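Take a look at the following structure, please.
Read from first to last, the chains carry the letters A, B and C; within each, the first residue is number 1.
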Amino acid sequence: MIDFSAIQFVDVIEFIGTFAFAISGIRLASAKKFDLFGAFVVGLVTAVGGGTLRDILLGVDIFWMHNSFYLWCTLFALVFVIIFHNYLIHLDNTFFAFDTIGLALFVVVGAEKSLDLGFSPWIAVAMGTITGSIGGVIRDVLINEIPLIFRKEIYALACVIGGIVFVSLHATNSVNLVIIELSTATVVVLVRFFAVKYHLSLPILKGERRKKLPH
Amino acid sequence: MIDFSAIQFVDVIEFIGTFAFAISGIRLASAKKFDLFGAFVVGLVTAVGGGTLRDILLGVDIFWMHNSFYLWCTLFALVFVIIFHNYLIHLDNTFFAFDTIGLALFVVVGAEKSLDLGFSPWIAVAMGTITGSIGGVIRDVLINEIPLIFRKEIYALACVIGGIVFVSLHATNSVNLVIIELSTATVVVLVRFFAVKYHLSLPILKGERRKKLPH
Amino acid sequence: MIDFSAIQFVDVIEFIGTFAFAISGIRLASAKKFDLFGAFVVGLVTAVGGGTLRDILLGVDIFWMHNSFYLWCTLFALVFVIIFHNYLIHLDNTFFAFDTIGLALFVVVGAEKSLDLGFSPWIAVAMGTITGSIGGVIRDVLINEIPLIFRKEIYALACVIGGIVFVSLHATNSVNLVIIELSTATVVVLVRFFAVKYHLSLPILKGERRKKLPH
């Protein structure tokens, strides 16, 4: 159960991020005619999958095992999709904003947790990226599609760049943690925003039958 | 190696469940023209995949790493499928019964192990469900199909309901553990049986192009 | 960062194996039009996926978390594929040799690590097989194909046979470890080589509609 008396700004952000990630999973599951339970599972996995793999790799307790918040948040997202079913498409810009906020938060959490545990900066970058992007990969595997982030506009790269900002500022030992967190989140949001706005994407590694080199 | 001198009723149940889960994996792999090793792996993963993820999430030793029983049981299932290849379809009702018994046992084991480790009741419900259903999800991912439990008749929900029965009776502190186990197993079997008999399934979360709301 | 002053023969072998596994992932990702980041991730997962699952199951620190070697090695493989894009097909025999050397090494590492940790011989065989083959399975799941090793010429079986050689020689308590390692690697290489040369494969477990038994 959630203790509503101690809700802070970061909890609101975490709710927004989890909610947006869960919504994305539930909507893709619904497009594949999953039943309610299946949609719930895909939503939950999208929201917590990245952090779960991060915690397994870091060898620490899985973050959602001691907090039912993520379960309730996914349930709320499911009810939201059921009720506002026909209006969701008009909310695409809102969901994009929420999703990007969630991504930024997940990168910060992943990088910070890794450094706190004493891992190297490059592991912190990797864990920030895993926290932000692996939930979507598992979602796409479950709905039997090639993971979108491997082919679409810059998404994982926003995590990598954000992670590098985090560990770089952290390495100076002179920047306040809140400033580091906000800077990282801002960079993730900006990279993602401009990538989508200007349809920026990474070069595709072309198949070997082509006559020309890919670059 | 198995110590045959100490076989108890619960071992027989565990054999039946593991055998039935492995058979389901091997049969689906054979429909996809997997070789013998591939079929064996898919059978093994179907049988132990749920419990493996449960133990990883709970942070405890993986249950099958100290007991080769599951390996032998899957090997026996493979030999069984090879020999009785053409007669399996006539055994579908038997396999359904075995599979349901296995499901019931796996839910009991998952919920009980979680509570024993001091986790919350809702984690116990989640772990009972994961133990019972994730093996089939990994099986379906490996054979490149959308996981059946997300679209078919009630399966995972039987786990959830069974898990709730387990933790509810356990919370009373006044019911004998064997009674709790048998009640949980009975509920799982009944829910699954009636779901299949009456073709009960959860509502499908319809795609967003539809004009009507799904409910 | 890599300490180049202490590079030994086994490091060269490990580089060759990791490089070959990463190349195989990157090439398959490029055939599916993945972007550079996606190809990098698939390459990395192919190279380290098996050892990662092994370490999760064994309950020990993940091997690549304290050594950025595998990341650099995959990055080098990516650059190699980008530059030598049109010539890769002429190197297929070289890649096959590298891949087989890598497979042999991974089996040795997986089996040895398990025995060192006090696990049973059959777990050592299983972990040698997992180390050698699961990277390719995850690769195939990510590119949305049925895992090749479940249908193609003998691959996983080479791991199993190599693992059995390792634990058998180890159980004698009278063979030098280096001899055990070299014997195991030689057996894996020979089994894989002859399987490919003579197109040996395991019998396919035929679907149930066929009139004849599969054997």
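The working rule: a contact is a pair of C-beta atoms (placed from the backbone, for glycine too) under 8 Å apart; a residue touches a chain by one contact, two chains touch by 3 or more.
Everything quoted here is computed from the prediction, not taken from an experiment.
*Asks:* Draw the chains as dots and join the ones that touch; what shape do you get: line, ring, star, complete or other?
*Replies:* Complete.
*Asks:* What's the call on chain A versus chain C, same or different interface residues, using the half cut on shared numbers?
*Replies:* Under half of the interface numbering overlaps between copies: different.
*Asks:* Round to the nearest whole Å and give the separation of the Cα centres of chain A and chain C.
*Replies:* The computed centroid separation for chain A versus chain C comes out at 30 Å.
*Asks:* What are the residues of chain C that contact at least two other chains?
*Replies:* Expected reply: 56, 141, 144.
*Asks:* Which bits of chain B are touching chain C when the two form their complex?
*Replies:* 26-27, 29-39, 41-42, 52, 56, 61-62, 65-66, 68, 71, 81-83, 85-86, 88-89, 141-144
*Asks:* Using the touch definition from the top, list the residues of chain C that touch chain B in their complex.
*Replies:* Residues in contact with chain B: 56-59, 119-120, 122-123, 126, 137, 141, 144-147, 149-151, 156-157, 160, 201-208, 211, 213-215.
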